[in-house]
Each structure stands twice: as C-alpha cells, then as structure tokens.
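Chain nomenclature is as follows: A, B, C, D and E, assigned in order of appearance, with residue numbering initiated at 1 for each chain independently.
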Amino acid sequence: MSDESIAAPEVLPPPEKHVGTGGAVTGAVPWIDKSGAIGGVFKGIRSLFSGMKVTVGYLMRPSTVITQQYPENRETLKLPDRFRAQLAFNHDDNGYHKCTMCRICEEACPNVSIIITGREKPAVSKKEIDSFVWRLDSCTFCNTCVIVCPFGVLRFDGTFESSVYDRRLLAYTLNDYAGPVASVLEKIEDPEARKAAMEKRDPYGAHTIIEALAERQRAKKAATHAAYAAAKAARIAKKEAAKAAAEAPAAEPAAEAKDVG
Amino acid sequence: MSWQVKTMAERTGDLLPGSPWTAVLYVLLTILAVTAFVTLCGLVLIYAERKVSAHFQCRLGPMRVGWHGLLQTIADTIKLLLKEDIVPRDADALLHILAPVLSFAGMLLVMIALPMSPSIQVADMNIGVLYVTAVSGLGVLGILLGGWSSNNKWSLLGAMRAGAQIISYEVSATLALLVVVLFAGTLQLSGIVQSQETGWWIWRAHGCGIVAFSIFMIAGTAEINRTPFDLAEGESELTAGFHTEYSGLRFSFFFLSEFLNMFVLAAMASTLFLGGWMPLHVGHFTVFNGIMDLLPPGLWFTLKTSAVIFLIMWFRWTFPRLRVDQLMRLEWKILLPIGFVNLFVSAACVVTGFYFFAG
Amino acid sequence: MGVITDKLPGVLEPVPGGQVLLTAVDQLINWSRSNSLWPLTFGTSCCAIEMMMATGAARHDMARFGAEVARPSPRQADLLVIAGTIVKRMAPRLRTLYEQMAEPRYVMATGSCAICGGPFMYDSYTTIRGADEVIPVDVYVPGCPPRPEAFFYGLLTLQKMIREGESIRHPGERRRPVLAALPEGMTLDDIRKEMQDLLSHDANVKMVDELAEGAHFSAELKDF
Amino acid sequence: MDAPNLIAAVQALQPDATVREKTDRPTLIVPAEGLVALATRLRDDPALKFELLEAHTAIDWIEEDRFELLYLLASIAHGHVLTLSVSVDRENPEVPTLCNVYPIAEWLERESYDLMGILYDDHPDLRRLFLEDDWVGFPLRKDYEDDFMLERPE
Amino acid sequence: MSVNVSTLQARISGESTASSPLSTEEYFVNMGPQHPSTHGVLRLVLRLDGETVRDVVPVLGYIHRGIEKMGEHGNYRQFVHLVDRMDYLAALSNNWAVTMVVEKAAKMETTDRIQAIRTLVCELQRIQSHQLWWGVFGMDLGGFTPFFYGLRDREQLCDIFEKTIGARLTMNYIQPGGVMYDIHPDFVKDVKTFLAYFKSKLPEYDTLMSENVIIQERLRGIGKLSAERALALGATGPVLRASGVAHDLRKSEPYGLYSQVDFDVPVGTTGDCWDRYWVRMEEMRQSIRIVEQLIDNIPEGKTFMVKPAAKIKVPAGVHYSHMETPRGVLGVVLVSDGKESPYRIHCRTPNFNNLWCIGEMATGGRIGDLVAMLSSIDLVIPDIDR
C-alpha cells in the first residue's frame, strides 16, 4: 500500500462519527504547500518537470508501446474462449443438431432476437425445426439462451467480424438443415430417407420471417389497443357503479326496511 | 571565419542584373519558395506531432498509409481540400472567408524574414525583429474575425479568449526579445545570428538569457494557442473554439497555421537564443569551433528548431490546460514583472560589458 | 475545390484518355478520403466507451488508420459514429448533427441499439428502432457493444466502400459493394471469407458493380 | 433505533399513521395532508434525523384506482431507514411537495410528474424531466398507450 | 389548483443576478447534447456573464429509454440484463443491485463462493471505472496523455473480464441465484499480475496529475459542496464522501463479503473538486486492498444455486435494497404482485442525484471550472436518464 504518500496529515478536524463506518480515513489530502511563496513556486515547477519526466520516459522506451495492429495481426489474435460475439449451432460430426424446438431460449431471450419456426409437416417426429433465426442486429450477447438450453444446442463464438452494408443481412438462420434432432435421425437406417428428412437451410433469407413477425406484432398491437379500451370502459363503469352505490345509500336501506317490514 | 549572408533578394538580383523584371521575378520566386516550404513544413510537422504524441502515449500513431504512415498527412490534405466548404447562413460571409486567410497570411509573412542559413533567407530586413513581432500580430486578427463572424457563441468565446491571451502574452514575448536585441545591438535577424559567433545568448548572458528564453517559450506557447494555453480552442470547454464553424479548406488554413506558428516560434527562439544557423561556438576556441563548423549551418538551424519544436510538443502532451484567470495572472503578475526586471538587469550587463566573450 | 471536382468530369470526359485520367483522379480522391476519416466525438451510451477504447486505448490505437483526429465540431468531421441508443428526443439533434457535417460524410452505426434498437426494441416508448430511420447509414457494425477490433473491421469495411463505391462522376451517389445482394448457394462463411479477402488485398480486388437494390435483393432471397 | 421503536416514535408524531404490510423496510401509511409537517419533523428531530431522501417513486395500483407514493428516507447519522407511503386518487393525483424539506425532491418529483403524472402542489418548477414538453400521456401508468411503442411478440 | 406546470423557457429566463456596475449583458449557451465534456448526451443550459457562470439548468431525456417500463414487461433475469446499459461503467454493480433485491425478496440462498466472486469482480470494476474516470478527467482538464494511460491500464482489466465473463462492458454476469460462470482458471493469476502492475503505475498517476501544480491550482477550492447541501441534494458516493460524510454502504450495511475484509473509507474535508479527485484516487487503493485480501481466499462451493431456466417468482409486496456502486448508492425498488415479472420497478440511480449538485457548485465559477466540476462528479448519462 502506498499509504505513505497520503500519510502526512494537515491538522484537520476528525470526521463526524457515523454508525458503522469504522476505519474512515481522514481527509489527509496532499497538495503542494503554497504558504512559502518562493518555495511553492519551485515545488510547482519541479512537479511540472517530474510530469515531463514520466511522459518522456515512455517516449524513450519503445518497448512500452503496446499497440496491437489489428488487421495485420488477425492470424495471431486469439480471443478468450468465453468471448461472446456470434451465436452458433452445435452440429455434431454427422452434421446433425439437437434442437427439439422446446422454445425455452426463445422465451428467455430478452428482446426476441431468437425466432424459431417449426416445419408445417414434420417428416419424422412430432415437432421439427424449420429455421432457427437469430438476429445479430438486435442480439445483446447476454448468453441467456446458451445457459438455459437443456440440450446444449447453442454456443457463442468469438467471430466478431460481421460488419455489413445492409442490416437485413444480420438475420441469420443458424441451423444447417430443417428436420429432426440427431437421436431421431440416427435411428433412421436408410441414408436416403435420412436425407429426405433433412432439408437444407441457408444462413440467409431470415429477414422475411422477421417481417412476418412484425406483421403479427401490428395485429397484436391492435388487439391490445382494443383490450385497453375495454379495460378502461370497465373501470369507468365500475367507478360509476361505485359512485351510484355511494350516492344511493339513503334510498337503499329504506327500501330494504320496507321489504323487511 | 566570417559568414557571407546572401538573401534571396540578392540572388534574384544576380540572375537579372539591372533588369526592371527583377522585382517581378523576386515576388514570383518568393511566393513559390514560401509556398513550397510551408506545405512541406506543415506536412512534416503534422506527421511528427502525431508520431511523437503517439509514442508519448505508448502507441504507434499512423501506420497504415504508406510506410509507417508517411503518406498520412498527404491523404489528410487532399481530403480537406476536397471537403465541402460551409459558410453558415447567419454568418458574416465576407469576414468568415477573410479570417483564415488573414491568420495564414500573418504566418506566411513571418516566414520570409527567418534566416535559415546564411544562404537561405528571403529578405534580410534591418528591422527584422520588429517586423516579425508586428506581422505575427496579424494572426490574432484572423482568429478574432473568425470567431466573431461565425455567429456562434462558442466561437465568440474562443475568439475573445484568444484575443485577450495573445495580446497579453505578446508583451512578455517582446520584452524577452528585447533582451537579445540589447545584447546583440541590432534588430537585424542575420545580425543577431552573427552576433552569436562566440556563443549563444542563452548562456553568454549569464542568467538573463535563460530567463528570457523561458519567458519567450512560455509566452510564445501561449501566443500560438497550444496546450497548456490552448484556451481559445479548448476542446473540452468550447467544442472547437474559434474555428467551430469552419470546415474543409478554411479549417485547414487554421489547422496549418497553428502548426506553422509552432515552427515560426521555434525558429525565432533558436535564432535569438540558440544562435540560429550559427554552429555551437565557444568563445575563441578555434579547434572546437572548427569541428563544429563541419556541420553545415542549415543543418544546425534544423536541429535547433526541431529541438525547440519537440520541447513544445512535450509540453503539450504532458500538461493540462490552465484556466482563463490563471492564464492572465501568470502573464500580468508573474511573467511581466520578471521580464521587466530581466530587461533592466540585462541592460546593466550590456552597459558594463558583463557577459561572456564581450570583447 | 468543390468547383473543380464538379467541373472536372465535364472537362475530361470528352478528351481522349480522359476517362482513364478521371479514374485515376477518382482513385486518388477515394484513397485520401478513406484514409482520413476523422470521427466526430459523439456517443450516447455504452458503445461510446468501446469507441473510446478503440480511439484512446494504446492497445488498439485508431491512429493507425489515420482516424484519431476526433473533432468535436461536426463541421470538421467526416465520420459520424452512432455509438449508442437514439431516442425520440435525440433524433432531431442527430439529424442536425448529420446535416451540419460537410460533404463527403459517412455514417457508421455501431451496436445493436443504433442498428435496430437492440435491447430497447420492444416495450420502450422512446427508443428509435434503428438510427437509419433518422439518417442514412453506410456501415452497420453489430455487437453490444462491438469490441474495438470489430469497430476497426467496420472502419475497414467503410474504407472499402469509399474506395470502390464513389466517383466524382456521380457526386453524392454511393455504391455499396455487392455483398448486400447474395448470389445463390452462398453461405455465411463464404461471405465472411470474401469480405476478409477483399479487405486484406485492398484496392486490387475487383468489386462487382451492382447497387444492392431492395427489389433485387428480395427476389434473390425468395429463390432459396 | 430498531424498526418497532422507530414506528412507535413516528406514530407518536403522526397518530393516524398505519403500518404498511408486505414490505421489507419499516413503512408507514400517512395521509397526504400532513406530509410536509411530518417530513420536516422527521428531518429535524434529533432522535430521528432523516437527513437523506434516498428515493421517491410512485406505483400505479390501477385495480384499486389509486397511486401509491413511496418516500424512502434514511438517516446516515443513526443508520436507520423509514418509508412513507401516501395514497392519492388516480383521477386527481395531487400531493404537497417536499421541495422545501428535501431540495432533491424537486427533481424526484419532476421525474414522478413526468412519468406518472403525479401533480405536486406548490412545486416551484413542475415540468417534464425526461420527455418533451408536448408529450401526451404518462408512460409509467399501467393504462398508457402509445402508437410508437412495440410490444414483445409472443 | 395550485399546481403550476412550467416550461424550460420560463425556467431559464430568470431574474438577472448581475449587480456589479462592470457586469455585462448576460447570455445563454447550450452545452450539449453533443459536447465533448458532457460525457454523453447531457444538455446544460448555461446563463453566462462573460466567462462567469450565473446559472446552470440541466436538461435531461436525450437518452431516456424507459428501462423501468420495460422491466414491467420482462421477467427478472431479463431486467438484470437491461440494467447493464444503465451505468455501463459499473455493469456488474448494477447486475448485483437487481440481483440483490430479487434474492432478498424471493429468499434465494447463495454460497460464500458466489459472494466472493461478486465482491471481487465488483471491486475490480470499481478500479476499472475509476481508471476511466481518471483518464477522462485529465482530458477534460486539457491534458491528453492521462487519458491514454488510464485506458491502457483499463484494458488490462478488460482482458480479465473477457476471460472470465466473456464480455468487456455489458456483462450480465451476476444473476439471481449465482453467477453466470465460475471464474476462469487463470483468474487468480491474472488478477495478481494486474495488481502488481497497477500498483507500480499508481505513483505515475500521481506524478502526472495529482502532484501537478496546474491540476492542483485548477481543482483546489473549486466547486465546493458542504456536507449539509450534499445530503440535502441526495448526493452519494465519492461526491458525498468528499464533502466529509463517511457514508459507504459497504461499511454501514455490508453485503457480499465486505464485512470480512478490512478497508478504509476515504473522506474529504471541504467537498471541492480536489477532494473528489483525491477520494477516487484513494478508493482505487482501497479496492486494491480488498481484492488482495480476497483473491487468495475464494471459498469453494457452488456458483449457481438454481437452474438458469428456473422461473423466479417474488412474493407480493414492496422490496428495496441498495448497494454502493463506483458512483454512489444504487437502490432498486421492486414492487411485485407475485407474478413472474415485476409490477413496478424503480431504480434510484446515483448519478441522477449527483448531477443536481452541479447547480450548487457551478454558480459563480468559470466555464473551465464547470468542466472540471462535471468531470469530478463522474457522470454517466444513461444512468441518469434510464
């Protein structure tokens, strides 16, 4: 600890005692003493020179340059394993994935960067994935989808080089093929049938799905508007009823009394 | 060894002896030479500043344009020249256009008086020091006009700061110059250089030279608006100060004149205090002086100027900026009294002949 | 000088050999523009910090690209990096900033927020879903925030666009390289590889001269 | 002062204050009328000394047709905390301002006015804080509608 | 009705306070939303008399994204990821603040290992945040080189975070029920290397900035804030401590493993810019102390107590918890109705309150002082606007 540098205390009132704040450092704030004018000036000038010594020290030692020249060092640049820059599907050696379309990741995603569509006519099993759309443009790399996936389908890669000129290109289809999971595929003996169950998917084309989603959203918006209006009307009605009930108590008990009588 | 001073004016006279076209040729050659020099100097200085600052800060600086970024400033220049030129609608168009030209012109005019070597000097006036002081004052006019005409409050603030600052510090700078003028006994720049044949004024004048040099450097740095005195364009305070509204070519004029002013300051400092193109001579030690004379005078000038420029850059990349009132206090309460006392002391030295190799 | 670049094509084109000369001039101008992208010091949120790390940290050092001269005044800047979320209240100011910049000006949208609203895309009552709803964007750099290297990759992509996509013959028109329109059978990796190739071999690569048009793009994609 | 003592002490100052259930800090429900007087005494009473208004926020209980305002007070000197809860009518949400007791309330209340639409009597500078002056509606209310806002698709 | 709704125009065109016969016409200047020293999109309307600042009116909302409204639509995990973007320089502290209130309300258990990791990474991020502040502070005062040195050292911590967490800025690492990953095997070694490195660099920071006469002249006695005013304006963190109030939640209400470590709370005396500067410099040293005590003693145990996909439900009621971020007290008011998403969530952010101190400090100062004051408060604008 370099407490020595701040140890020389001026005479200062101790700070007010506060509950639970033991060991508070008093404000032994160091600064250049200006009381002796000439001495202060020389101290000040010396402080300037010592600052200059620091900077020139770096200039004189080229070994302190720590710049990594990015495009030139692309081959040697190694990112940490956990760095998150690109979502990817885990395909096994045969090229099969394990996504059962349980939609847990889709639900967990904070801003709907994952959109999963199922095949209309599953070839083999009950539910089969058609395309697993991942929006790189809106993804926040929070890693939630990866940790919630019960089957380990997803992983994050460190491939950060994905600048584009058109933002529609940032919607990727992650699965290589549309079709059943690996365990189902492996049960199929016939390689031809296997192939038939798998339909190739290209990384692009996902933006149509996103547009469809936006369309659905607009419809939903209209529905919520209607729901809000209905709720508001109900609230007003309820309130008026309560008001009426409050205004009428004089009449009501009388009527009741009459009934009883 | 005596130095034969030959200016460009005399050379032009040699080319066309007795012809009336001499004047025209002289003007043309001057324009050509100064423009070429200014361009080259600007490019080199900006590149140097970027590289030096980078290495102060543990990084590399321009690397990708040309070998180690050598062509970087050329790319910048072409881009700036071709950029759209905007004059704000509410600006005073005439003054807005005039301001950078004035600022640039002040710096250009100083250039012709600088003695860079016995044979490289455009004009050798017998009132050189006075001329330089007077003409470099034009720069502030450009800055004031630029800030005023932009119709932008930040610009105006920057211009007013610059005006106050430059005019104040000019007093101290001039006092420091006078010390050398006293010792040298001449206002002619080449004369001042030649007066340092037995040693530079910075050490020959006992303490006076060093004090005057320090004052001149501080005041000069303030005059050219560089950190720690860059209040006029202090980025973090005034966006971009007086040139906030300038773009493209006109901005590059301001940009370039800032860097060339640095060169002018360094050249003046080395001419007056460090002997200019005069090699390092110590009194009448002929052997030592002879060894020093092996290097050509032009190289001496370049080396000294570069050293001073490096010093200015070093200031810039180390120190934070002063505040407005501190800046004024530094000038009027500290530098000016010291400057006056220094002037009196050096006058006494001159009268009594109390300095090295006075004979 | 604007006058000269405006007049130059008209003067040179009829002259024999003028076309070649013009192309050479184009190349020189584009070279200088692409290598001198002075950014505006403008950032709204997290991405600004990563942009600062790219410009300011000695490790990354944007000065290598000649782009460290960050100008606080939009008049002097060439590159507007939209680093962070743009909200309704900021949008007119962003537009003003863009309009205050002198031509040629380039815009780079970094990070999810600037591309499409990112984490604030849904349920936020102020966030603009994409800065390109306010000003035209040249390059999108995804990430949240993009790391400095990704930022540099975006800068390289922009440099590529400037070098290949502009000509003083058509001032104000900017052609984007072909990557936006995908030929059939291309995969993500191919694209990335192609992009890296292009960027590593700089100006020697021939770009396909096609403006990526929306209609064309959609037609291509429907074939998949 | 621990929580029961604190509540007893405050209830001595304001007898009609009741304890709010379901909170993890000592919370008292107080009427809007005496709020300023109570806050002043809470701040100035040497035994209580709530010198810091740590946070202030409003909750829209749309089903119960009221806003609940929370004032989170803290005492650094004594190290105890207290929350005041004030309920106001949803149709006419007016409460007295605490600006003169805690200066920071000026801005906390402006935020609350901006996003929730609570009106503070005698506030010196009641205007929108985050949104434009011509914004329609108060976004944090549960019945806020906005054509611009997109909802999360299912 | 006594409720007045005013406008900005009405606010800024106040009475002229210039009384001296030398005073000149006052004028208004807009500082921001795009200005290099407002650190983002803060807008300050300045009433100036020459160089002297007569009044400062902050105008907010240029990055108001409605995080609180969004919180009501998502579940608790999703809200944790949102608050990363609030105070992005201390994303981990923000994560922890929300996590803390959720864990406290839902009575989730944690292990010592989880708490140790959280404490460690938060302290590292405190250093990181102060490094960036130091660099930017230097740049705002006109010295460029500190900026580069500060960021150079910050980059080292970025590397450590990248290895363990996988992100550089928006971490989403501390989550209800644990931390996202266990620490990287290299973590302990890397942190020790960093501490050794950084301790050798801190004296350099002092030489370059703290001991520099220009810095001291510019900061000393500027922007004074008395303890009473600081409390009344709700300032917390270094701003409050510089004014002489030793209020630090790490001491007064210890969370995490702060009760087990030994550290001091630096406190200033006058509350001027220099005190704030010094408090932050000293806090870096204290954070080093905390990390040094913890780094060798990370207990064994689980790092995630519930399944990541498990749904979190918080019992109905109002819950509040707060913690000390590098900038002050971050409190989260969580109102739950027992469902999966909060009924109402409100963040009491430190910068919001600290910002208003600028009006108190700046009046009567110069424009240059204003920049120093803004920088000494260390503002993060999205944290104010949310």
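Quick note on the criterion: a contact is a pair of C-beta atoms (placed from the backbone, for glycine too) under 8 Å apart; a residue touches a chain by one contact, two chains touch by 3 or more.
Note that the structure is predicted; figures quoted are calculated from it, not measured.
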Chains contacting each of chain B and chain C, listed by label: A, E
Other chains in touch with both chain B and chain D: A, C, E
Nearest-to-centre chain - CA centroid comparison: E
Taking each chain's C-alpha mean as its centre, the one farthest from chain E: B
Farthest-lying chain, centroid of Cα atoms versus that of chain C: D
Chain pair with more C-beta contacts, A-E versus B-E: A-E
Separation of chain A from chain D, taking each centre as the mean of its C-alpha atoms, in whole Å: 31
Inter-centroid spacing, chain E versus chain D (mean Cα positions, whole Å): 24
Euclidean distance of C-alpha centroids - chain C vs chain D, Å: 48
In chain B, residues with contacts to at least two other chains: 56-60, 63, 235, 239, 317-319
Chain A, residues touching no fewer than two other chains: 16, 18-20, 48, 51, 54-55, 65-67, 69, 83, 110-112, 140-141
Of all residues in chain D, the ones touching two or more other chains: 76, 79, 130-132, 139, 144, 150-153
Interchain contacts, given as pairs of chains that touch: A-B, A-C, A-D, A-E, B-C, B-E, C-D, C-E, D-E
Residues on chain D engaged by chain A in the complex (per definition of touch): 62, 65, 76-79, 143, 145, 150-154
Residue ranges of chain E in contact with chain D within the complex: 1-8, 11, 60-61, 64, 66, 68-69, 73-74, 104-105, 231-234, 245, 247, 252, 315-322, 329, 331, 333, 335, 343-344, 346, 348, 352-353, 356, 385
Residues of chain C touching chain D in the complex: 88-89, 121-126, 129
Chain C-facing residues of chain A, complex: 65-71, 74, 77, 83, 85, 110-112, 135-141, 159-170, 172, 202-205, 207-208
Interfacial residue positions of chain D with respect to chain C in the complex: 130-132, 139, 144, 146, 148-153
